[in-house]
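Notes follow the structure.
Each chain gets a letter, A, B, C and D, in the order it is written, and its residues are counted from 1.
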Amino acid sequence: MYAAVESEVWLVNGEKIKVAIVGSTGYGGVELIRFLWGHPRVEITSVISASSAGSLLTEGFPHLSEIVVQTLDGVDPAEIAAKADVVFTATPSGVSGKLVPELLEAGLKVIDLSGDFRIKDGSVYETWYKHTAPENGLLEKAVYGLSEIYDKKVEGAGLISNPGCYSTATLLGLIPVLDAGWIDPASIIIDAKSGVSGAGRGTSLMTHYAEINENLKAYKVNKHQHIPEIEQTLSWVAGKPVTVTFTTHLVPMTRGIMCTTYASLLGTYTEGDLIELYRGFYKGRPFVRVREKGIWPATKEVFGSNYCDIGFAADSRTGRLTIISVIDNIVKGAAGQAIQNLNLMMGWDETTGLKLSPVYP
Amino acid sequence: MYAAVESEVWLVNGEKIKVAIVGSTGYGGVELIRFLWGHPRVEITSVISASSAGSLLTEGFPHLSEIVVQTLDGVDPAEIAAKADVVFTATPSGVSGKLVPELLEAGLKVIDLSGDFRIKDGSVYETWYKHTAPENGLLEKAVYGLSEIYDKKVEGAGLISNPGCYSTATLLGLIPVLDAGWIDPASIIIDAKSGVSGAGRGTSLMTHYAEINENLKAYKVNKHQHIPEIEQTLSWVAGKPVTVTFTTHLVPMTRGIMCTTYASLLGTYTEGDLIELYRGFYKGRPFVRVREKGIWPATKEVFGSNYCDIGFAADSRTGRLTIISVIDNIVKGAAGQAIQNLNLMMGWDETTGLKLSPVYP
Amino acid sequence: MYAAVESEVWLVNGEKIKVAIVGSTGYGGVELIRFLWGHPRVEITSVISASSAGSLLTEGFPHLSEIVVQTLDGVDPAEIAAKADVVFTATPSGVSGKLVPELLEAGLKVIDLSGDFRIKDGSVYETWYKHTAPENGLLEKAVYGLSEIYDKKVEGAGLISNPGCYSTATLLGLIPVLDAGWIDPASIIIDAKSGVSGAGRGTSLMTHYAEINENLKAYKVNKHQHIPEIEQTLSWVAGKPVTVTFTTHLVPMTRGIMCTTYASLLGTYTEGDLIELYRGFYKGRPFVRVREKGIWPATKEVFGSNYCDIGFAADSRTGRLTIISVIDNIVKGAAGQAIQNLNLMMGWDETTGLKLSPVYP
Amino acid sequence: MYAAVESEVWLVNGEKIKVAIVGSTGYGGVELIRFLWGHPRVEITSVISASSAGSLLTEGFPHLSEIVVQTLDGVDPAEIAAKADVVFTATPSGVSGKLVPELLEAGLKVIDLSGDFRIKDGSVYETWYKHTAPENGLLEKAVYGLSEIYDKKVEGAGLISNPGCYSTATLLGLIPVLDAGWIDPASIIIDAKSGVSGAGRGTSLMTHYAEINENLKAYKVNKHQHIPEIEQTLSWVAGKPVTVTFTTHLVPMTRGIMCTTYASLLGTYTEGDLIELYRGFYKGRPFVRVREKGIWPATKEVFGSNYCDIGFAADSRTGRLTIISVIDNIVKGAAGQAIQNLNLMMGWDETTGLKLSPVYP
């Protein structure tokens, strides 16, 4: 499906590429390890953690016993470059911005899972993230890795900025209908809900079990840092500035994002029309699945997998479209899409190492 | 706070009124029992169940052991009238519509928790509920018991139609700002989320533990039967027809409803303005609590209690208002508001028997 | 039921006693507030927090908005004594041991919810708790407040040491049959399971939502600090040293403890015999409920309430007895029993302020 | 590792065997599909459901969209034999007993996931299962497929009886130490806890979300039908009759079993001794992992995978051993072990198609 690219020349006869993972003790990091362990063209040569260097990965993650028995390395770009060809940086925003330039300089290809290289306008980044933006050249160089949309740019890229979890679910759900000109770009409202793992492994009262179990919370209403990322991409697609209303909620479950997106239809489109539009748009892209009429996806139906499932309701009473899109926030919203981008970058089939069924129930 | 009403003449010197509960083995029924057990002016004289008559209530609900030790009665209007002054019908839609006329005829005052008497236009009822509507006279006679709004009508009423759970959360959140003329009535979108107990105690695959745990589902998108109830009330308030977009989601928790409601602001109103408006509107009504600026309520903060908590975000970027309102679906969304209506009907303080703090955590 | 005691002389004509709560921002503290708010003979005159003094209680606990609107005080024994007659110390082990003597000296009656005064032998305390024990005189003076067993000692006491949560569930389940001499004291094995709130409100990886949701963990196997407390009380009852095997598990739920206790029967006792024994033993004690034959209690059946429910299985194949006892760890296992002890201390009906039904579902 | 067996002669040059799954719409059935979809030597040629024949598998299980797009077949032994070489029967007890003989007669090899062929003594089966036992010859022929213990018998077998979920966790945890003669066989007590998926996909009040969420229940105390299976196997190992005390609990989570097993040690064995014993016993068997001293496994650490993880506590105070063993009840406790048995039966590496890491968190 993808032409062989320059990266491919590294590999001879089934040789594997060597990858390193910075941030191996976060949820994004261990999920990269889960998938890469079974990836037929990859060898994990270094698992890296600034905070736990020197200890065994399995001390914190006994579920990996007998699977990945490696000692955690510290963060040293030269050492990483000596061990690996490609590095995943599953590091917090603010950290990636400083580390990635050093990794690139050391000759590595980088797939960054933080938000630091997603926003092309450094000042917008600084407004929403409260960190200093990476220098402009790098922001331009970084390819925004929304795999189903920007796959051609990802091929052969040296720095991929992996999209945010909310952004992925929202954008895959909205882009086809916005691109088709069927909705009013000024009318978009996104009501997003996430499982708690999206907040990461750092402890806080917000993610304390007794505070979030049997509870539903809104947070960062209209303030979430994925807003500028979503607006930037929607604006690219619409060809003009798009502003959205965006609410995030924390749901008492570990994994899963659902975005319920509302927009005014500019014509009389049925659910059948929409299904046809989306199936056409995503033809040949196995990780996007469009539900039948009257069926909406649930988060558990993508649990543990790289799928994004989408369903619709077109309401003739109000002229509004409701789009429901779901992903597993740690997979398609982070580690899975990062590996999908690795596959695209390397010119491999995009499903390589990612063909795992959702775990149900 | 409320003038003594005719009902009051029944009672002398701390005498208690006698109440019966039809549908005692559903979640609404047992929750009525939980609160009425501690209600100082009420005596439960009959717990009734069509399906389990003759067995002990505690067989199905051992949590009530040593609390309410009663044998379940069958559904016999004459017998109920012999035992009680007021009857709560926590019966399914379609059942109440037939039973309530008989109970009224037998001389009982009725507080009905089903949807059968909420919609004033019988044909609208039939469209959404797929049952035959009760006769018109009764629909007119039934007072829609949204306690904070229609308290004056509830006083002394003989038939109260207790609002739906989603409707209560939505309407208490929307009415003040709609009544003030601050929002465009054509712009209302309600993204509603509910705990699973809202689906009742009847078993189904939808409420099967392994299907809903660690899962988030949308259902009945634009088709939920609370839509006409919400639209009817909003239309009364706005003085013209209001149509809404309404999505319902099932959240993996037992209790709690959150409605995230979106509307376009017709002027430049700050969150401070909104808080002031709402606190004024609900002055003297202890069960509605308005959060401080930048704080949004979570469902657990009303768990087990009759409160409705409300918070706001006014977004100057989009000109939209986001209202977040939460209730416990079984309490303020059913049994608690029904008892609040009993209190209002009888001319008692509306908090009588309902002064229970939320259970946290 | 209880003779008037000296404490009672404080109160004239429905006057309320004044209570203070140290540790108001922990789960035990807010639960004390939930119950004491509705207690007819108590006024909360000071809510105290070492870490949050000066801020409003409702900042951390918005569920108490419009309920308890008080500013948190600092920990100052003289100031507490000026405001209150009785103080609850819901402080961590190690802290209570130092604070309680000062509170007693200031003239207060103290009900301590920590483990610091439970173990009569200071050296045993130090082995299991790793803190210096309070001085011996105080350990002797402190009454171990297992309400149903030591109620007579609690009456009029000046220092009550409230039992641990696991200990309460275990002991109420075991004491009648041990006291009757029906089991071999050397054969006791307790398999205990707790909801996560038992670990308190301090954040940790162990109580991080994504780590404990959809997970079941054992912890502190044979090392839990409630072991010496259980053994001490069982030894008192048996009249000779009793040693137990005790395992603790963390269950993905917020509230609830279940102890499944195994022991060898010394005779041929049926489940009917056991039920009769237990119902006789706990006659007149409304907070212990013994299930019918073949019915075992579930934790949700006591959720939010002060009940301890008990069920049995006597296995003729193995000659072993299985006892299942459940409590709400924050209520009967902490705040509820502390208030029950207040009631006993004051000579009031032990259910005063505690007559709340379990919240179900 | 395993000698080529007769079955192997079917296959030439990477040809795949054809398998059918009866009971494809139960949780065991869909889990078989999840793993077999990625199994390199298997082709699923028929998915079968008595209740849903003729409809698409994905109607009930949209998570399999684009993965397994097959129409469900009815249960017809001749048709199955025409399509497949091996059939998995994930059918209820009582059903398998009648169906399996017909499948064998039709020339199929059968791996049965029900309890119908586990108990060698038909009368014991009938006592615990309340169904008529299959005829004796078949009970003798059926190989009890506890993979790590009876792998040699499984090789080349024509009928494999896959063990129960509780039995698997209990037996893998107990057999090494019982086999070594280190514990008293008369002292065994098993406190077992299971996620709710173990109860299957059939709806009931017991598995209704609102009844089991935030709840912990004991059930079938000393009555669970896995007791005779456990006792039969322990008796084989001990060489004399072994009777156990066995309690089952339902934990509010979907997947996972933990067995906390107690036994009296017959000598002074340290945790180090036990770890060494177990690691030796399970040497070369990748699906059993023995934890380090002082570390106990949690169910989430095997979620979605075929591992059984084991940890210990040896208590010198009481002379008792506590063994904690965990599995995913649907994988190692059902579908995963069934595939492991297929692998062994076929002479393949036992991990074929099963090399999936646990999903964490």
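The definition used in the following text is that contacts are C-beta pairs under 8 Å (C-beta built on N, C-alpha and C of every residue); 3 or more make two chains touch, one makes a residue touch a chain.
A quick note: this is a predicted structure, and the numbers were derived from the prediction, not measured.
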Next on the checklist: Contact counts by the stated rule: is the higher one at B-C or A-B?
Outcome noted: A-B
Item to check | Interchain centroid distance [CA atoms averaged], subunit A/subunit B, Å | outcome: 41
Checklist entry - Centre to centre, by mean C-alpha position, how many angstrom separate subunit B and subunit D? => result 47
Checklist outcome for this item: Note: subunit C sits from subunit B at a C-alpha centroid distance in Å of 36
Checklist outcome for this item: Shared-interface residues of subunit B (touching two or more other chains) are 27, 195, 197, 210, 213-214, 252-255, 300, 303, 361
Checklist entry - Viewed as a graph of touching chains, is the assembly arranged as a line, ring, star, complete set, or other? => result complete
Item to check | subunit D contact footprint on subunit A (complex, rising order) | outcome: 27, 30, 33-34, 37-38, 61-67, 197, 213-214, 254-255, 286, 289, 291, 295, 297, 300-305, 309, 355-361
Next on the checklist: Using the touch definition from the top, list the residues of subunit C that touch subunit D in their complex.
Outcome noted: 189, 191, 193, 195, 210-211, 213-219, 221-222, 243-245, 247, 249, 251-256, 258, 260, 262, 296, 298-300, 303, 311, 313, 315, 317-318, 320, 322, 324, 326, 361
Checklist entry - Touching subunit B in the complex: which residues of subunit D? => result 27, 195-197, 201, 203-205, 207-210, 212-214, 252-254
